[in-house]
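Consider the two complexes below, in which subunit A is the common component and subunit B and subunit C are the respective partners.
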Partner chain A sequence: MTQKQKALSKEEEILLQDFSRNVSTKSNALFYGNAFIVSAIPIWLFWRIHFMDLLTSSPLFLIITCLSTYLVSFAYKKTKFVLKHKVAVKREDAISREISKMIAEDKKMNKKEKDERVLWKKNEVSDYEATTFSIFYNNAVFLAVVIGLSFFILKSFSPSFNYILSVGLSSGLIALLSTGTK
Partner chain B sequence: STCSSPSLSSTSFTTQDGTILTNIAYVSQFKLTCDGEVADIPLYAEVGGKPLSVVKSKETNSYVVSWLEETKKAPRGNFEIKVYDDEGYAAVRKAQRNGEDTSSVQPLGVVILNHPGAYNGPWINSELAAVIVAFGVLYYALTTKTKLEA
Partner chain C sequence: MCINKNCLNLTGPFTMDNWLKICLVVVFAVATTGNEEASPAKLLFSKQILNKYIVEGMDIVIKYSLFNVGGTAALDVQVADNTFGPQDFDVVGGQLKVTIDRIPPGSNATHVVVIRPSKFGYFNFTAAEVTYLPSEDAAEALVGLSSEPGQGAIVPFKEYDRKFSPHLLDWLSFAVMSMPSLVLPFALWYSSKTKYEAILTQKKDK
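Coming up: the complex of A and B.
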């Protein structure tokens, strides 16, 4: 009875991981690290090109960067969750074929174990692909919107206002778009 | 005072970078020798029918002629600066008053100034190039996402 429970809970664990919105610590660190770097990039832009003084504007830079880091990593997590299932569906066949080929000679493995392996591999692959694509996609949108806003639409505003609005609106926009349930 | 066997040697300077300027400067510095000796006579200059004042530097015994043109209209190429002495210039003014062709008056000498053209900034400015690249990457990201969700 306890062994069955253990086996079930392992499968349940994989399924939970698959459907859970919670990200692992490693993914979390990856997301926050990337979000921080991407949020810090506009500082260089505003310092060197819009001539904002680094020292006097540093409190503003810090606050906006922290806010943006939070919103960008929120967008990463949401986008990753939505994409993970789409990726899993797309990659399922290829992964099944690969696992079947790998364990074809191993006659000791029963169907249940094979399915478990396929499920685990599918989870791993779709997790990785969704994570990396989520980071790429959100970074692309964020940076394109920041450049578009700061150089063209908010050009006539003062640099500080330009910075607050362009970074704030961009990170807000990607956070908002990521909550879409397509 | 007249100058016999005049000989002119010159160096010229023109603005090469017109990115943030409204006018291009043309400057010609020349030395006049009469009979092998450095001359100290007042001179007058004319470029393309336009009279110019000639300034003389006491220390270096050289004459300087300069004028400005708007960057957009500034022509490039060779400019002939006709140098006249008192007599020559009086003859030019007389011909102008009478409506005659001033090229009939022989100048003391002709200084050639060459303007190779000035740089007026890049064809696409950098923020436009950055936006084009950023939106190109965005387009690729959007199309890949659409394919994934299909």
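Coming up: the complex of A and C.
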């Protein structure tokens, strides 16, 4: 395989990565870890304020937390994918200027290599910003909806039922919202 | 037979009007002071629970009110409430058995007791008892019962706390636990965003 073909396939690789919905193992671990933490946080509220017994309700807590972890991480991935392209468009100019400034003195680098570097950097930055914003946004919506449901709408329900519905519906809602294309 | 007012000698101070007035005064005096025996003391007894919520482990304030509607003072008035057993209630303030020496006619007396239920559930608040002598020379004491507040629910403390406690410390702890999940990703995103927006604005300024 020639160098040109190698370079092209590398560019194609970056583009494929850019448009792919798949996340890397590292991102997966980050998403599942964050999703688990944020899904476990409402247990504190139900234990201390709704007076659910920790030991007797532990199987329920475990099941709902696992379900919520899956749905929240699903929401993270979908939201990240939608945001990534928006961020890439916004940061394109700034990134190319940053790269141009960095390689200004390196006259050996040709235009193609520069473009490749810009593309790679754009992918990296948009991936980073989309990941962090997706986590922040979904966490905020999830916690707000859990509090709203459990302390206002479902407050007359029994604590166990309240927990199942508030955490289940919140994680379901953010998963549903994340499937939107805008 | 003399039938005119000259014969009755109704002249000077002893006119018809004056006689009428004198008669009225005599009748009034007899009516008010003639009866030497006043009605015996009669006590009306009420028992009230002053709490809005009756909660396990929290104080209940009970007010006993005695009204003497009789004509004589009630003597040696003994109030006893045996409805709050020691296994279910603790007396926090006041006493469930009280003696009042005298309640004058037309006056009242009140007594307050503070108790604390040690268990939750439904409880029937029944009448307290009062015994008193209706008069000084009464041979036998009269026994009466108070009004009954009726059945009330003693709410478990957990339910009350869940409904009314502000849980400030718990909410603060929740906020502290949630902060890393919210603040950290936001801070990372924001730092990257401001960095690249700054690059754009720098170029525009140049």
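Following the convention adopted for this analysis, the second predicted complex is superposed on the first by the 180 of 182 C-alpha atoms of A that agree within 3 Å, B and C clash if a C-alpha of one lies under 4 Å from a C-alpha of the other, contacts with A are read in each partner's own complex, and residues count from 1 in each chain.
Keep this in mind: a residue touches a chain if its C-beta (ideal position, glycine included) is under 8 Å from a C-beta of that chain, and two chains touch if they have at least 3 such contacts.
This one's a predicted model, so the numbers in the text were calculated from it and none came from an experiment.
**Q** With everything superposed onto subunit A, say whether subunit B and subunit C fit together or clash.
**A** Fit: subunit B and subunit C sit side by side once superposed on subunit A.
**Q** Using the touch definition from the top, say if A:H85 reaches subunit B (first), subunit C (second), both or neither.
**A** Neither partner.
**Q** Considering only the touch criterion stated at the top, classify A:K112 as touching first (subunit B), second (subunit C), both, or neither.
**A** neither
**Q** Tell me which partner A:F133 touches in the superposition: subunit B (first), subunit C (second), both or neither.
**A** Touch partners of A:F133: subunit B and subunit C.
**Q** Go through the superposed model and pick first if A:V125 touches only subunit B, second if only subunit C, both, or neither.
**A** The answer is second: A:V125 touches subunit C but not subunit B.
**Q** Going by the contact rule set out at the top, does A:G148 touch subunit B (first), subunit C (second), both, or neither?
**A** In the superposition, A:G148 contacts subunit B only.
**Q** After superposition on the shared chain, which partner residues are touched by A:H50: those of subunit B (first), subunit C (second), both, or neither?
**A** In the superposed model, A:H50 contacts subunit C only, not subunit B.
**Q** Between subunit C and subunit B, which one touches more residues of subunit A when both complexes sit on the common chain A?
**A** C
**Q** Could you tell me if A:D93 is touching subunit B, subunit C, both of them or neither one (first, second, both, neither)?
**A** Touch partner of A:D93: subunit C, not subunit B.
**Q** Can you work out, in whole Å, how close the C-alpha atoms of subunit B and subunit C get once everything is superposed?
**A** Superposition on chain A places subunit B and subunit C at a least C-alpha distance of 5 Å.
**Q** Return the residues of subunit A at which the contacts from subunit B and from subunit C coincide.
**A** Residues common to the subunit A contacts of subunit C and of subunit B are 133, 136, 140, 143, listed in rising order.
**Q** Which positions of subunit A touch subunit B when the two form their complex?
**A** 83, 86-87, 90, 133, 136-137, 140-141, 143-144, 147-148, 151-152, 182
**Q** List the residues on subunit A that touch subunit C in their complex, please.
**A** Checking each residue of subunit A against subunit C gives 34, 37-38, 41, 44-45, 48-51, 91, 93-95, 97-98, 125, 128-129, 132-133, 135-136, 139-140, 143.
**Q** Given the complex with subunit A, which residues does subunit B contribute to the contact?
**A** 127, 130-131, 134-135, 137-138, 140-141, 144-145, 148-149
**Q** Would you tell me which residues of subunit C are touching subunit A in their complex?
**A** 158, 161-162, 167, 170-171, 173-174, 177-178, 180-182, 185-186, 188-189, 192-193, 196-197, 199-200, 203
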